[in-house]
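Both complexes shown next keep subunit A, but they swap its partner, so subunit B is in the first and subunit C is in the second.
And now, the complex of A and B:
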């Protein structure tokens, strides 16, 4: 008797379970999302083109440095400055890819960016190195004395006792030290960039595309974590929040902006970074205008969350509009009218919630690797 | 009625099922501790973090730095002694205390499974699980032929409560009609062979899994009790738990449940299991000993049945305490724990804390990764009591750094079961002015949707 009752319950349950699927439009999940297509689009159309472009700018920067050191004059320093800015702009499109070789550089939460873009730069470390103190750019103590911020100071800043930037390489008593340090900083950038590019071109591209595993070590989970990490730390916090005093009891820091010594490009760099973030989200190829392949955006569409996709894009656009109202120099903006700076921060912040909570929940990916039993 | 109870309390049964349960439970626990240790989780979860989340009222239980390993060693060793039935009473009490201490050290790691182990080991402290086939028998040179029926029944009852309450908790609109959160979890298992790209992506499959999970939980104790459906039920148990093990990272729990449900089988089956164990032990070179077989004599007066009645009464009512709180249980999680609500919700959260100096009118934001591990941060952002405890920790931390007139506010969002995120905690409330209690947390913003059901 009991057996029959139980069987009946099971049967009824099964019928209910099956029939309830009929009135739900199948959830739109019938054709499978092309995850390897997504990874292929990211690797071949976005990441690899961005890092090879960056590599070419780094090589051009090297040539400009050699030219400057061969013939040290203001014109050549200006050319070096141009090449630096070109490379810095290209960097905005690669800073989020802390994966593969780049990831192996450091376990720091900011990833491989610590070898490229830690600011504010430490003048005392650079100047004491120029004065003959021994140093190692690989050690974490020197994160804040290398990469683009260090070049920014070397090209645009004025060393103690000098009157103009170029004095470092001419009249300064440690001029040879500054020349050596300039070389060392650029060698560091070049070497690390080459190894990242080589790694992608030799084997990591295939490894990345083939690792469609759903686990925390799968490419999708890793690249989304890198993406959100970049957006939250490198863009929202470092470029805007920190100088605007969001993390420091309202105390503002005009000197903690990106490219402080050049000073008039911090807005441009931030806008490029946001562009890189939004293009990545929509899967738009690095080279080709608005053409796009499978992406986080299309993955959201696949999972019936087009509203969320639209909201994220709308929030990126709102952030862009807010940043565009700022002074080209964020240090000026912070000093003159910090309210606008914090408004830009709030706009960026609203997208953090959408990415880190809503999107992560829909994709069912863990934000940051958590290895433990669940319920 | 009283005479029925009296005769029930007097009735005795073959002790083999309880002996097999003791051996299985002890070995599983010992293995669990070794596994936990070998994965480096002791360090990662209990030694590395700078801060630990305490259970309300148990703030005095903290990890003991490197001595934490010592507690785990006691726990693992006592579990082994339980399996052997050597100094059983002392061993099971030690196991219960050490295991429960470990669980109380940091509520970040709360799992219903761990709570289940604590309860089961508490129960075992009062049961004569060493009456048969134990080393204690060898020492005393006697072995019991029978034990009280209630001792085996109480384990069956405990298991039934776990299943039935887990089933009841699944009777809600999110689980049954939206197939949440399985609909979130299953599609991300796309890399499983065969079913990953097919079944796991189908809405009807998510719904079917939800319904069959609910029906399984509600019916399995009855199917196990009833002799004619028992084998079928056990096959279901094995299938269900192995399947969930494949799908989800739930560690040892499936195996523990599979071994535990063996207790529903009759003494004959257990005698056969013991025969196999005996054979292995003899092959290892141990000689069998002739023991004096004696019958169980009820001690008078025996308080254990009374104590167990109180224990089970609490177990029956505790999961319903959520009814005394307003607003949605899944949202506030007030009365959520200790209620066999397993895998019911998927929450993703975000919480950014603002530390305000009320006098200077300045503020700054806290980087959670400065104080919490990613795991702690994840748990903190979705559970109000964690948010409050963390805010108070931050208050103390920044006070000790010389900040004064502190106020702490949180900007927090939570997405529940695939819904869009919603602001979680009232951002205008100074969390330092709030003390945790069992009262409803008024500072949680109301849930802007409705989930119907139990």
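And now, the complex of A and C:
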């Protein structure tokens, strides 16, 4: 009899204990967290300020290009280079937002980044375009011949047969072709950026903030997928892992770093990208120092996962420290001591598991870009 | 009486209840394993591990070639790091494969995705053993080995062994090293990893099959772990000793009366874990994973101790025989860094500890300088972290 009572209590206990995690109908926490507050903070204090800042840098870049072409000399090329770097830095804070209009650009796994930052850049595509071959920067064949990497080559690289970078626009027999190509690349950047900004300002901001659904099409699930995709592919893999040989059986590629032709800014760009990632995680406003609103971090706190939040921040910090030990030029680092590169990769990778497995599971979010190795 | 019932209740609650919302089927722990590792869907098998069989067969050809001085370093490297379509193997189906040994050496999800720095160093170890085999051993194939000089040594029983300047058979380093770095690591730290498999819970819950396949991602991953042990064996009735790697040494351990039953324990855990995946019961799956980790780790550690002790028996009286045993022991010790302590994220021995053992064995003139005391100390260290004694692991003659 006693045994039966105990068993009954035991059974009731089980039912109570289990009822908290019962939503097995395909995703999404149905908690009472202020999702709307989180999305509002992300839209108004982080994403829109970042993309409008980027837009202003893109317009400044456009002005510097015009100035250079109106008066083609080394001083103005240097000014163009400065404007390029300013815009490239600003880009590090927007590359993760493959949502809204940006998402509609392409179904490529790298999202709208294919129109801004595919590297290594294809010199043969650019030079043959300058020589008169027909091309379309909208076609996927030209992803590797536009955006900041193409500008990097046009501003800092040396074309076949030339002796210095500016020759492309002066003495090169295809100089008019290079000028046209520079204009085309700039137009592509400007046009797409304007359309992203317009989309957020006209209607997407409200759509984003109001879509508080916990389903896979809700804003939270989408932005977290974009965020992890960016961290894993754009930051961890492209900036560090690919040149360090982590995806090529150990063969290293000093020429596959970001901003290869400028060559001394790859570390700076990677650190900014990591800063953008960490500020996003903690919900820190784009303009406002350390002020922050509801975020992935506060959402983890809300769900009693502050340890995970702290682990993620600790891993971001460890990654930053590791990257700071690298040469300002990742090309140099890969050539001189690649072990330090792989150590930076390892630090970044450690956060992938925390984000993609642990955090996604706490939020009950389905990650939409998992590949099994197909053995 | 009441206390006993209550403690049952606690145990029951702990093991059956709600660790995350994993089992939607509402059942408890009533997963039933089939009699054999046979799983079907729509009347066709849902089990597949051809990639593992391929890698085992590639490794077989590599270790054979490491005993044939007609091979060049480039040929051996190409066997280790095969590229699809290259004619590296005698078996055409291996040549056509897009798999390679190297890509899965020290490459598990749990141990190496965030530790590519060590993974690179480990791959480099294998490459350096291959390079040295050609540069030093093949080039001294007919010479008699002496302390500091590579060459051949003949056992009292007549077998000829080819060793480097430190008395180490590099082909054994590769062979036994791969048991940990390839088979063991993939099996224990990759395909049964709960973190790896967590990514596939949603598709397993919904029974979403991999495109053009008859299995879910999670089922397949578990099968791939199975394949690293049974890939050349009969899955329904394992014979053991069907390869030169883990499958062979599971048989050796099973045949030691001190450990009889270990093979069935491992097979049962694989079966029940796979059935648990079909039943979407991830707690039972994880419990089987821990059993598999403990037992496979034991196989590696038992053989490490076995060969250290076996080498000790003939050290000084039949060095060729002793060095052969120690070379196998070297590889099993190297493999210890890929073992997995159950219910932890750690190996039984860290890479640093393993590197220290290796350095100790290779110090000075290597095996020529090894002492019985050193071998006993090392044996004690290894057995001390497991549930077996040096005596149980040692040769029983």
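By our rule, the second predicted complex is superposed on the first by the 337 of 375 C-alpha atoms of A that agree within 3 Å, B and C clash if a C-alpha of one lies under 4 Å from a C-alpha of the other, contacts with A are read in each partner's own complex, and residues count from 1 in each chain.
Note that contacts are C-beta pairs under 8 Å (C-beta built on N, C-alpha and C of every residue); 3 or more make two chains touch, one makes a residue touch a chain.
This one's a predicted model, so the numbers in the text were calculated from it and none came from an experiment.
In the superposition on chain A, A:357 contacts both subunit B and subunit C.
Looking at the shared chain after the overlay, A:365 reaches subunit B, while subunit C stays out of its contact range. Within the superposed three-chain model, A:339 lies in touch with subunit C and out of touch with subunit B [touch as defined at top]. Look at A:247: by the touch rule set out above, it reaches subunit B but stays clear of subunit C. Of the two partner chains, subunit B is the only one that A:212 touches; subunit C does not reach it. Partner contacting the larger number of subunit A residues, of subunit B and subunit C: B.
For the contact definition in use here, the residues of subunit A common to its subunit B contact set and its subunit C contact set are 2-3, 6, 9-10, 13-14, 17-18, 20-21, 24, 26-27, 246, 249-250, 349, 352-353, 356-357, 361, 366-367, 370, 372, 374-375.
Interface of subunit B with subunit A (complex): residues 39, 41, 44-45, 109, 111-113, 177, 183-185, 187-191, 197, 201-204, 206-208, 210-212, 214-215, 219, 222-223, 226, 228-229, 248-253, 342-343, 346-350, 352, 355, 357, 360-365, 367, 369, 374-375, 377-378, 413-415, 418, 420-421.
The part of subunit C that touches subunit A in the complex is made up of residues 1-2, 5-6, 9, 12-13, 16-18, 20-21, 24, 49, 51-52, 81, 99-100, 102-103, 113-117, 120, 123, 195, 198-200, 202, 205-206, 210, 217, 220-221, 224.
For subunit A in complex with subunit C, the residues that touch the partner chain are 2-3, 6-7, 9-10, 13-14, 17-18, 20-24, 26-27, 244, 246, 249-250, 339, 342-343, 345-347, 349-350, 352-353, 356-357, 361, 366-367, 370, 372, 374-375.
Residues of subunit A that touch subunit B in their complex: 2-3, 6, 9-10, 13-14, 16-18, 20-21, 24, 26-27, 29-30, 32-33, 35, 109, 212-215, 218, 241, 245-251, 303, 307-308, 349, 352-354, 356-358, 360-375.
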